[in-house]
Structure formats: structure tokens, C-alpha cells
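To keep things simple, chains are lettered A, B and C as they appear, and every chain counts its residues starting from 1.
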Amino acid sequence: MFDVSGGVILAAGKDMHGLIAELYPLCRSISGEGLRETLRILRGRIPIEIREVPTGTKMFDWTVPDEWNIRDAYVKDPRGRKVIDFQRSNLHVVGYSVPVRRSIPLGELREHLFTLPDRPDWVPYRTAYAGGAWGFCLSHNQLLALEDGQYEAVIDSTLGPGSLSYGELLIKGKLEDEVLISTHACHPSLCNDNLSGVAVATKLAQELMGRPLRYSYRFLFIPATFGSIAWLASHQGQVGRIKHGLVLACVGDSGEITYKRSRRGDAEIDRAMQHVLRRSGDGGRIIDYVPYGYDERQYCSPGFDLPVGCLSRTPHGRFPEYHTSADNLEFVKPGALAHSFATCLAVIDILENDTRYRNLNPLCEPQLGRRGIYRSWADQTDGGKDEMALLWVLSLSEGRKSLLEIAERSGMPFDIIKKAADILREHGLLEEISA
Amino acid sequence: MFDVSGGVILAAGKDMHGLIAELYPLCRSISGEGLRETLRILRGRIPIEIREVPTGTKMFDWTVPDEWNIRDAYVKDPRGRKVIDFQRSNLHVVGYSVPVRRSIPLGELREHLFTLPDRPDWVPYRTAYAGGAWGFCLSHNQLLALEDGQYEAVIDSTLGPGSLSYGELLIKGKLEDEVLISTHACHPSLCNDNLSGVAVATKLAQELMGRPLRYSYRFLFIPATFGSIAWLASHQGQVGRIKHGLVLACVGDSGEITYKRSRRGDAEIDRAMQHVLRRSGDGGRIIDYVPYGYDERQYCSPGFDLPVGCLSRTPHGRFPEYHTSADNLEFVKPGALAHSFATCLAVIDILENDTRYRNLNPLCEPQLGRRGIYRSWADQTDGGKDEMALLWVLSLSEGRKSLLEIAERSGMPFDIIKKAADILREHGLLEEISA
Amino acid sequence: MFDVSGGVILAAGKDMHGLIAELYPLCRSISGEGLRETLRILRGRIPIEIREVPTGTKMFDWTVPDEWNIRDAYVKDPRGRKVIDFQRSNLHVVGYSVPVRRSIPLGELREHLFTLPDRPDWVPYRTAYAGGAWGFCLSHNQLLALEDGQYEAVIDSTLGPGSLSYGELLIKGKLEDEVLISTHACHPSLCNDNLSGVAVATKLAQELMGRPLRYSYRFLFIPATFGSIAWLASHQGQVGRIKHGLVLACVGDSGEITYKRSRRGDAEIDRAMQHVLRRSGDGGRIIDYVPYGYDERQYCSPGFDLPVGCLSRTPHGRFPEYHTSADNLEFVKPGALAHSFATCLAVIDILENDTRYRNLNPLCEPQLGRRGIYRSWADQTDGGKDEMALLWVLSLSEGRKSLLEIAERSGMPFDIIKKAADILREHGLLEEISA
């Protein structure tokens, strides 16, 4: 099992929060320079490839949309003061706004202004994919303070040919079979709904690189929906290699873990996550697949039906800060990021080690005492009380049940069951069954 | 989906109650003129065929019994007063009583008198299938008031060759596959245990006639046990056409709906009824099959094992009025009849529309926005909150799951799921799978 | 069904307690004369064969160990008084102690003395399988009373070539298929953990001998672990005949019945025991298989996976008297022994009678009234309320469901269902399906 100490986990939390802080100011979108710059920063930490898919490319039922870029945007009030300023927060501009440079009376401008009356201090996050739209977001208190008169609205954006960018990293293991870790990276200054997943995925990649691995691990940092569709469309022949997968999203708030099962509902990733959450004692809830959410919608579409679940803490839309300026650096916590990271590692530990064995002495029990196995056990664990694990592994290793299934049946932790299997194998009592 | 307004349903309740009132005075039995006259009255509303099976006909383990008819019956007290009079209520004569014309002392007469001491104002309903028996039913208070002396007992009945009658109506749909609606019609002046089923079945037939239908609908108005055995024995080769079925009995009292599953337990009719009862919010309970009850005993006998459930409100024997003079015109309510009728229609709606589709765009989600599907949706439903139905239908339409199963899995109402499927099919995203 | 009256059951309880009292003083062990003498006493009641497996015999991963015998043992205090005396209780010597004859100061002797400080009046039961060990067990109060000085420790034992003994009895039934009843008989003066199983198994054998039986019944009285391994190793080719089995252990205390399922979890023995415990109304609990316990560990090892469960009252280790001098003749109760015996008989009744039938009149119900079946029923049972059993058997006898499964589905007792099947078969309505 991976040997990651509590201190390492906690330090990882601080490091992930630091990465979020570094990426926070960038104005990411479905496409464009903000996303590209984000990927370049990640490349400073892990060796991702940055892929570019040209606008207009067909991908199943979809087409890569025009690339959107923005240099500046503001609204000046009748006295010439910048009352809304993109330079202060990229949330102030509605994403994918077309270029605008107009003098406009407040009454008309209001139709392009978006606020949250119930949360008068927060700025909403909005995107307009419909052609030709533009707008600004601001706090409701700001809106109420605007005085009548003629305003100047400027959005210095471009919308045209270019490409859709995403980052990809394959860490090779012993097998060609893959574990997919996917996270979206297309939201501007939002921390939980975006950067938390980016940070945890980056940390996982750092942790896995250089380790001996059974599975290969594929990391995708993608614009939501478009990115997963682009990847699936261009890798249709090899998706069968994906044996397990996780979409990471909203993994930095202080709520409990929420795991949404894959569409299959009983995939190994689903059972492994259930085992980890049950054992952790930290609570956490597991919900069934629904065809709404993040990129698992595409990975689990019926033509692919990949075993991909989604890990969150408080699910999207269930926290009031969702898609507002309050989803900021204070909203995501180093401890929560560390806990999400540790949860992923624990699940990966199971996936890496969950094999099937055959009991080579199936007729009556083997004589463990004669072989000194109880002594091996005491040397490698905290002693006697877990010796039942040896008996469980012997009893259930007929080649059909995996170690995870034995852990579930026995009610014992996976790592104890794995340790028992190791000792029994060393003493020639078990042999691994090749898949 | 059938478009039946609340007003139509309520009017149907009143109409069904009217039919019950019309049929109430007739002295029905397993055979004879009362049953035949009942069928003739129904023929005035729906085009049933009246079948006659001659007495002595073998049908599996059974034989059609002698036909029983009665013209008059009474008991005169020592002073010559008619103290029990068949003309006032046909419940006063034990069904299938042999002819009697005797002067008899009260002591001996008592052995032929049946009352309900616990319900001293009610007259019980009794039948004597054993050969040679006869008797009268009366209220216990009446019995207590009888004075000693010599009585005259007269039953002007006949028991002999004839035939067993039943009514049958086939409403043809697109398919030869059938939905069976069966109700018994062999009880004299009892409203819930008999006429309520007759009335709801008649109304359903009226409602379905003239509609475009997928299934063919077979209605049977039969004497209990004998009628279903007679029909099964003479249609053995075609029972395989029956894909779904309902026995209707005791559907007019003001209790909650009770649905008893078919012997199969998970037939489509069982799941459809469960969906309707869950969605209705009116309560209602579902019980497993037991080999006792109404004609489902025959339809579900192991050699046939047809997917036929039984719909009641308060089940037989669970209401004190059962098989007494208190099961009268006041005991059955227009509103309860209307609710039973609406429940049947809702189930039929599901049966008619429950098909399997194949998602023609299974690789990633189709782009619904580009097709204006959300707008179609808003036009046809009350808007946005049910858009998840589109995603559920796309996600689960691989050809294996029917719309009802998708409704169950998603927790959404069948009609919303059906509407979503219609829209998706219109936009070329789904194709129906032929059975 | 077996006709065993309540009086017979109660008398059996007293008789079993008497057998326990007779066997109590013997110093049983894994091997040796105490075990052999025990088997000889049993042979006075039931015709068991006494098998001997020579020491050194290989049996799967195990070897038959040296035979241990003991003639005498004591500890004399400095004043020459026997303060510990094997003749008073065989628990005073640690089982398998090597021979000793030493003068030894108290300080050194203490390392060979074992007590229960928490239960200062009880003597523990201990065995030393490690080579060269010896020791004495005594009450903690006794230990505290020992005065300083030089003691004399004598154990007059032998440990060397010989054989492992066990008792075996096969009661032949109509079939070669077997029911296995296994109990360990290797503990010295302990009543519940040892002799209770021996007594109930002996009584069961007495009860079954001379009866017409469908199954053959194999009884094993064995030293734990070694005995079951020895039997399995020497009968490997015929274990497939064992269709059901029970290990009996700790069946004499006054706690509730505990049944531990076979490793299969849904074997017929598991379902039969569940039915009996549910119907008895005496409580009782059923637990899933765990690979720890008595000889079911060997019978259920994955290479055999026999359908063998374990019947106890309070499970081993859950009563404080376990493996102490307090597990004595007062701790086991005639009533509890009788109840365990009756439970076994009830389960055997189900196994003997649980067959599958085919309804020979599957098309609609047969006419039971015409055949006088309701009258047969009333003659053979306490009457009407169980007539539903007739309908259930007819409804579910298609050849797939056994009578036990029909009992479970209907919620009716097995014996009523069996009675209904007998009546229906006598009337030509059912035929038994050969296995």
C-alpha cells in the first residue's frame, strides 16, 4: 500500500491551496488564453501535454465553438468613473460576451446587468453561449447605487476561429488498463467549482509519478462538456482501456464527501469508494447516478458507459456560494483539499491492490502455526486481533472474490485483508489469478 | 396519453352509480335469469356478446352446474302475514335453494333461518351449493320478533338443465395482444361486492371504445369461478394473447385502493399499478399474490399463470358490510367509483405507452440546445423543472429499459417521461424498438 | 412427520444430562485413553465404530500428533500436602503437559500456574500444544494461599506414538445421500463446550435408529480440528454424499439458540433452521458464516464447501463459564438440552420431508369440494383455518419450489404445508418429482 504519512497529506493541503491561489486571477473560459495559461502553469508542476482542437471540428453531435478572448471590460458612469471593472474581477463580465463599445442610458444598460438580490454583496458568475449576447455581473448593492444617466459600456473581447485547449497526462503503469482522473478547468475566478478539482488532480499526478504502478493513470484538465466530448471523439478506439475513473469537482469546501456512483452503479470504483467512505468514519454520502452533473455525463453516456464516478464534497448547486464571487480563496480549505486527496489515494490504493487469489491449500485449513504465520503477522501489523483476516482470505479465495469483496464480506478494512493476502502468498498458500 | 378531464371522471362516478342502482334489484346467481337480465342491461350500453354454456359441460376439473331460477319466496307467520318476503329483497332467500312449499313449526323453521346476531339489523347473504338445501336470511331482530306457531315456507324455485351465461366484449386495438378486464356479476342485491366491478368495467369499455388503441381489450362479465373456468376452458389456445389483466372487485367503497399483485409478482401490470399508486399520493396499498380471492385464482393458476392482478378498495371480507344487506346503494360512493375508474385509466395509459426506445445518439450527449428541444419541451409541459426527463430517457434508452422502468429509476412520473420520449423521437434522437 | 411427544422430549433432556454426568469425570484430550473411554461409553448406547488413526499419519496439511496420556499429577507444598491434585479435577493439569517430577521453589513454579484473577474461584482450562510445556491450573484464591518454600511438582504423563481416536455411526436411510451430525469430544471436565454436543448427538442417533429414513445419517464424535480433518482426508471421495450437516457445540446452556449458517449461506439446512427458529417463537438468532469456530471450519473449507451449519445456544466465548471449571453439571440444563434436541428433530423433519411436487391439475383450480378434501383436512388437522395450505401447495407446485419454499412464501408452518401435500397426493392431485 502507498505509504503516505499524515504530515504529507496535510502539507499537500497547503500546497494545493497555494496552486489555487496562483490560478485564481486568470479569466478562464471554455476556450481562450485564460485556459491556456492555466495549463501552462500546471505544466510547471506535472508534464501535461497541451492539446488544441481547432474551432469548427466536428465531435459526435457537437462542433468546437469559436474561441473567446478578452483583454479588458468596464462600465463608466455618467461622471466617468469605472463602476464595473474586469481588471478587479473577471466575474464582472458575462463569459463569451461579444465585443461592445457603447454609450447607453442606465435603463437600457440594466438589461445587461446581472445581480443576486438575495445575496446583495456577491457577484454572480454568468456565461452567455447564445450568439450575440453580452453583459456584466455586479453585486446587487452596487446596482442599487448606480445613478441615472448615460453610461459607457466597453467589452474588448474577440470571438472567432482558434481552438479548444485541454491538458493531458498519461502516467504509465505495468498495465495498459487505465484509471481516468478528469477535472474541468474552464471557470474564471471560482475556487471550489473548478480550481479545487484542478489542484487535487495535479497533486494526485505528482504523488503517482515515479511510483511503481499497476494501472496507467490518465489525467484530463478540460473545459467542461466540450473537453470530454473532444477527448472521447478523438480516442474512441481506446476508451475500452479505461477500467475505472473519477471526475473531481467541488472537492475543496468544508462539507462532507459526496460520491456519485457511475451509471453502472456497481463498478469496482463504486465499491472501492464505498469501502473507503465507510471505513473513514468521516461520514460522507453515496448517491446513485443521475444523468446531470459534470463530465461523467459524457463518460457515462450509454454508448460509452464507462465506470466513472464523480467525487465532490458539497455537490454543485447545493452551496449558496456556487457560481458566485463567494466561491473564493476563503471558501476552499487546505484541510478539505487534503481530505479529498487522501480519499482519492485510499481508493487508488484499493484499485492498485485489488486482485483475486486462489487458495492453494483449499482442503481443510492449512496449519498456520507450523509455518510461523501468526508470528509474521504480529511483526507486520499491530498484532493479534486482526488474525481473522488470514482465515477470511483463505476461506474466500477461490478465484472469484477479489480482496475488496473479501473486505466487504468480512467487515474488515481492505488494507488488513491485503496484508493477510501478502503474508499468505509469501508462505506459498495463495497464488494470484491473472485477470 | 388519454385526455380525460377531472369533470369527465366525476361525471363517470355518477353514471356508474346510476348503473349500479339500475342493476341492484335483480336476483343474480351463478346462473339463471337474473344474471341474463343483467347482461342484457349492459348490452344496452356496450356491445357485449352474451355466451351460454350448457349445464353439464365439462370444463377442466369442473362441470357446469344446474341452472337456478326463482320466481317468488316467502314465509308466512301463524297469522298469515308474510314476515319474510323475497319481493322486498332477494337476499332473503338462500341462493340455490331447492323448491319448498311446507307448513312447518317455528322450531324446525329456525334451522333454515340465517341471521347476523352481531349486526341485528342486517340481512346476511348466503348461498347453498350443497344438494337439496334451502333457507331464508333475515335480520336478527326480525328473528327475535317471530312468535311461536306453525309457519308456511314457500320457495318457488327451479334447479335443472339450462346454461351458464356470461358477457364478453373484445375492443380491437392495433395488436392482437390483449388486456383482460374481468369482473364477477353473480351476486344478487350487493353493491360493492359485485356491481361496483360491473360498473367500472362497463365505464372503462365505454371509454376505450372508439379510441385508437395499441392493445385489444377483452371484457368479461362472469359468474365467479365458473365463468372464468368456462372462458379459460373454451379459449385455451389463445390465452397467450393476454399480456396484462385486471380483476375488478369491491371497487366502490370509500376505503383506500388495494392492489393484489399477479402470481408472477413483477409483471408489467404490477409495476404499472405500483407506479400509479405511488404517484397518486392517495395512499393505497399493494399486497402479494395469495391463492385466494376472486377470479385471479383461475387466471393465475399455475398452468396459466397469466399476468392478472386484482384491484379492490377495501378487500373482500375486511369490511363488515361484506355479504350483507348493508352492502347497499349508500355503501358505494360515486367518488370512489370515479377514483377506481381513473386508477384503471392511468394504468391503461402506461400499458398503452410503455415501449422501449433506442438512443440514436448514444456517444456523448446530443446537443439539445441546437435543436430547440428545450423550447419544444416548454411548449408541451409546464416548463423547465422536468427537463431532467429528457436526460433520463437519453441515458437509459439502450433498448432494454422501458419507459416505465425509466420512470421508476428516475423517480419521475410516467407521463413526463413519455412526453420527453415523444419530443426526442420527433427530433430523430430515439427510435422505437419493435417488441 | 416424526411423532415425538412433549413428554418424550422432556425425558430426553434428563437422559442427556445423565450421560453428561457419566462422561464428566473423564480426562479427555485430542487423543488418549480419556477420549477412547468416552467413545466406549457411547458405544454402550449407540453402535458407533471406534476408528484409530496412527500418529504421524499425514492428512492434508496436517500430521496426526503424538498421543497424550496421563495417570496422575499433583503439586505438594513445603509441608507435603497435595495442594493441587489431578484426582480431584482433571482441569488442574494443562493438557498435553510433558512428564515432570521436580522439586521447585514457589517463585519458579508460579510460571507454570494458571488462574483467572477476575473469577478467583474458578479453575481455567488450558492446553499446551507447544513442545515441552507443562503446567497446572488452579483457582486464583488457591494461588494466593500458597506459602513460600520448596514445592514438589509431579505430572505422570506420556506423550508418544499411538493414535487419534474418533467414533463414527452411519444410520442407513433409503438414500445414499447423507446428513452429517458432528460434535467434538476432546475436552476434559467441561459440560457445555463438549459434552452437551456429545449428548444431543447421541440422543439424536437413538431417536433416528429404527425409524424409516429418507436420508442416511452419519454421526461423528471427534477430537476438534484433528478429527474432522482426519475424517475428510480419509473419505475425500465420498464427501459429495453429504447433502446437509450440523456441527453441535455448546447446546446445553440456558441461553437462546444461535445458528451459524454454512459458508454457502442459503443451503437447505440454513433455510430449514431459519424456518424452525422463526416458527418456534422461542427467539433464537441466526448469524452468517465466519471462518472461525468449530469443525464447520474444516467442512466448509473452500475445497469442500459442504452445506454444514453450526448449532449452539450461547456461542463459544460469549459465556464467562467458557473454558473454566464453572462449565459444570449445573451449567447445562436438562430443559435446554431437550430444546436443542427438539430443534434438531424439527430440522431433520423438514429435511426428511422437503420434496418437490407437480400439480397434476394445473389448469384452473381443482374442485376440492367434490373430492371431500376439505373433510380429509378437518380429520387430519385442527380444521378449517389452515385450508389455505391446500391452495398454496396447488398454486406453487410446478416442480421448482420445494415444500419448504412454499412454507416460506406462504408464511405457513412446514408441517401444515406437508400435511396439505400429503392429502393432495392421496387424492391424485400431486405427484412427487424425483430429484
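By our rule, a contact is a pair of C-beta atoms (placed from the backbone, for glycine too) under 8 Å apart; a residue touches a chain by one contact, two chains touch by 3 or more.
Bear in mind the structure is a predicted one, so any value in this text is a computation, not a measurement.
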item: Subunit A onto subunit B, rotation angle from CA fit, given as a multiple of 5 degrees; value: 120
item: Type of subunit A:subunit C copy interface by residue overlap (half), same or different; value: different
item: Where subunit A and subunit C are represented by their mean Cα positions, the distance between them in whole Å; value: 56
item: Numbers and ranges of subunit C residues touching at least 2 other chains; value: none
item: In the complex with subunit A, residue positions of subunit B that touch it; value: 359, 361-367, 369, 388, 391-392, 394-398, 410
item: List of subunit C residues in touch with subunit A within their complex; value: 59-62, 129, 225, 228-229, 232-233, 236, 263, 290-292, 297-298, 300-304
